[in-house]
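Right, I'll just put the structure down here and ask away after.
Read from first to last, the chains carry the letters A, B, C, D, E and F; within each, the first residue is number 1.
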Amino acid sequence: MSDKKKPQESSVVMTEMVLPNDTNPLDNLMGGRLMHWMDIATAICAQRHSNCAVVTASVDNVSFKNPIPLGSIVTFQAKVTRAFRTSMEVHLEVFAERIPDIPRFKSNSAFFTFVALDGSKRPVPAPEVVPSTEHEKELFEGALRRRELRLVLAGKMKPQDSAALKALFGENN
Amino acid sequence: MSDKKKPQESSVVMTEMVLPNDTNPLDNLMGGRLMHWMDIATAICAQRHSNCAVVTASVDNVSFKNPIPLGSIVTFQAKVTRAFRTSMEVHLEVFAERIPDIPRFKSNSAFFTFVALDGSKRPVPAPEVVPSTEHEKELFEGALRRRELRLVLAGKMKPQDSAALKALFGENN
Amino acid sequence: MSDKKKPQESSVVMTEMVLPNDTNPLDNLMGGRLMHWMDIATAICAQRHSNCAVVTASVDNVSFKNPIPLGSIVTFQAKVTRAFRTSMEVHLEVFAERIPDIPRFKSNSAFFTFVALDGSKRPVPAPEVVPSTEHEKELFEGALRRRELRLVLAGKMKPQDSAALKALFGENN
Amino acid sequence: MSDKKKPQESSVVMTEMVLPNDTNPLDNLMGGRLMHWMDIATAICAQRHSNCAVVTASVDNVSFKNPIPLGSIVTFQAKVTRAFRTSMEVHLEVFAERIPDIPRFKSNSAFFTFVALDGSKRPVPAPEVVPSTEHEKELFEGALRRRELRLVLAGKMKPQDSAALKALFGENN
Amino acid sequence: MSDKKKPQESSVVMTEMVLPNDTNPLDNLMGGRLMHWMDIATAICAQRHSNCAVVTASVDNVSFKNPIPLGSIVTFQAKVTRAFRTSMEVHLEVFAERIPDIPRFKSNSAFFTFVALDGSKRPVPAPEVVPSTEHEKELFEGALRRRELRLVLAGKMKPQDSAALKALFGENN
Amino acid sequence: MSDKKKPQESSVVMTEMVLPNDTNPLDNLMGGRLMHWMDIATAICAQRHSNCAVVTASVDNVSFKNPIPLGSIVTFQAKVTRAFRTSMEVHLEVFAERIPDIPRFKSNSAFFTFVALDGSKRPVPAPEVVPSTEHEKELFEGALRRRELRLVLAGKMKPQDSAALKALFGENN
């Protein structure tokens, strides 16, 4: 396994149609079904980056704004943003369209974190991520702050030990 | 619709078996499938509390620690914690066991937010939540802080306008 | 494995939503899909009671009265009633509701019988059931009569050898 | 609709493969999944006989003897036995085989009862069944006795009012 | 394994109901779902003929004429036509009906080719096919020509080496 | 609707994981499941090109060479090649990989034909396809010959009326 990889080497595009069983009684895609697909798209991306089996470690706060009606086509674009020893953060953007009446719109974005496992199901280091575009660099930089927030929310880091969060939420802002 | 309701009036217990198609190549439950079930259990809870159709508005950060292997029984316990005009926060606890070899353990907990909709798909006010047990009161109190965090993360509130977060993350802690 | 257990130690609550693929062309839950869920709920109950893998041995006569329409929430409550060496009888009650228009109603009840299997797929004795509530005691008492009826219907017992059935169907009633 | 029909005019053969998600942790077909398929095969038969939409009214006692392992082919043969005004009894035989190691064997048989509904979901009379083979005539004759047993088990007929059951279970047998 | 078998010894009848998730936004059966079922029906037929596991080798041109609406019953009739060392050609006819409004009509026909595999996943010879009816004999004769067309289309045979195709498409016709 | 469109404006990338229920007893992807996915990917492409609902009209001969094992990731790339009044031909390439042991390989290619339908389910003209790359131009040219072969195979054109086929299969080659 090479120890450095660009995000585009493992990027994933996934496309799904919203079928009747994916919808709630209002005939819109259920949030849980959307998260199921989001997890699959990002897991494939993390597999490709690490060249390993992976398990979902966490999902950051996801919000749902516009309904996605029955018959829509949903497109998922996943890209790894940064690796932290054995974990990888993957960024996902979700778009929806319904032909012919609803033009493509951005539905959601999310960050998933995965751990790469070897054949004995033990965590293994993932290749370093080498961002190249402006957007990839921004995502790479922000990953540190998002990771600290995850650790604080999981009770594994004290809020006052998080430099990034203190800067964001502190009195002096 | 009565305008005040206790959490136990709408609580939900849901039980699922982990079948082959729910698992990844390591034979453990996929994170996305688990989130799908979590969304269904909490949505039913929000439906019962509001006596309305509901749509998922957001899911807070979810982390996955222990794998849940094929053949496990997964139990979901959902309870509404607090209502904010047209939205409701639902707390979910997830337990897993595999008979006969893995005794029941707590797998996850999460907070989902739903919006109640009327027959014309317009948001409607949800009944006030009246907590009674100690745990329900704690969840009720914490709901305000979690809501502010959601608004900040969604870019709808400035960090410095969030009293609860300033107290948590501020310099003086 | 302890050799005596109360019904509540293994009771199961399962909740399902009626999705489009679960319905017939009249938009009501198909009987077969309901039986599928009934089998899962009662099998989990028998697993918990015996702490073993189980296989369905038989299902007593099930009748379907009220239709359960698309979008309903179906709740299954399963409790073991009595153990006979290697088999266990499980009682199931099914309730349905559709929010906001159909209040919760009792849809069905049924008796399923399971056999507990060890790791080599051989039948193993199940713990004795110790009923405590009035209802549990009634179910425990009736189990004997239902078992004889099953044996007669399966051609494994002659009608005239069944004391319970003779009392029920005999000339002198 | 003609008012008399032979069983073979509406007979159904249905074939299914046992896939991983149909099996329990012992890698055998789950009883509930089998009942789901049994209901579909018999419902199609009742639809063809009545030329109407149908709903399942009841399923007689079903017992499961031999396990049907993953990868098996399951064949269902359904034939209507007799019509009672708006209800029809359908007989089902289930066979299983696994190629190349398990030769075809008879797995189950069962009786399902359906009610035919018109476009307004009201029960409508089903055509009379005209049995022609020896086996069809036997099934036709036995239908009366099975119907009385169903009525007694459903609490809609007193045991002592059932001539057929008295003969079967009575003191003098 | 006997080395000669009649088509009826391995013929398959499969019946499916068109459920909501099988349909496109026009409420008709999706072509891909129909091909999925066609593959299963013909694979079971090839399994029965060869008494082996089989893999799909090719599907000839399939065309779809009449839509099959939601709620239809689809019947598949598969029969092996001819064996070529380790491959078998299976002929499939598809019929659809919707009760009570659409009488049974022929929807499709197709030819699938399968290879029989032994326990080590190596191709094994399939029994010779002995056609008996007029239709079986026609299918047996035509199999040679269809096989040559498959080889030409797959780039494994030059058009001018195919005697059957030259006769069909040549200048002198 | 614009009357000319480039293939890349409607191209589709779809990604699927091979789950247990998608596999045969040899643990490889079933041919029918693969065709189901192929149909969905190409149908979305035809929808995007025509900005209409579409129905599958035909699938050309598909052959299956290498098995795709459980746990593989399958990628579908669909591009419209040419429009013929109300029908469109879509070219599909299928790739598979399994991480970490099976590097990406080309699994299949296929041609699907779709008809665009308006709101009343009547065929409507599809925009002309304007190929730009060398490969797109080749596919555009070949579409005419493939269409004639389809018409001949469907019995709608006599072999000797097909100029393209006579050139391919004729005596003088």
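A few notes on this one:
Quick note on the criterion: contacts are C-beta pairs under 8 Å (C-beta built on N, C-alpha and C of every residue); 3 or more make two chains touch, one makes a residue touch a chain.
Note that this is a predicted model, so its numbers are computed, not measured.
Chains that touch both subunit B and subunit C are the following: A, D.
With every chain reduced to the mean of its CA atoms, the largest distance from subunit D is reached by A. When chain centres are set by their Cα atoms, the one at the greatest distance from subunit C is F. Look at where the CA atoms of subunit B average out and do the same for subunit E: the two points lie 50 Å apart. With centres taken as mean Cα positions, subunit E sits 43 Å from subunit A. Counting partners per residue, subunit A has 20-21, 25, 40, 53 as the residues that reach two or more other chains. In this structure, the chains touch in the following pairs: A-B, A-C, A-E, A-F, B-C, B-D, B-F, C-D, C-E, D-E, D-F, E-F.
Residue ranges of subunit D in contact with subunit E, taken from their complex: 12-17, 40-41, 44, 47-48, 51-53, 73, 99-100.
Across the interface of their complex, subunit C is touched by residues 19-21, 70-71 of subunit E.
On subunit B, the positions that touch subunit F within their shared complex are 20-21, 23, 25. The residues of subunit C lying in touch with subunit D in their complex are 24-26, 28, 30-33, 35-40, 43, 53, 55-64, 67, 117, 121, 149-150, 152-154, 159-160, 162, 165-166, 168-173.
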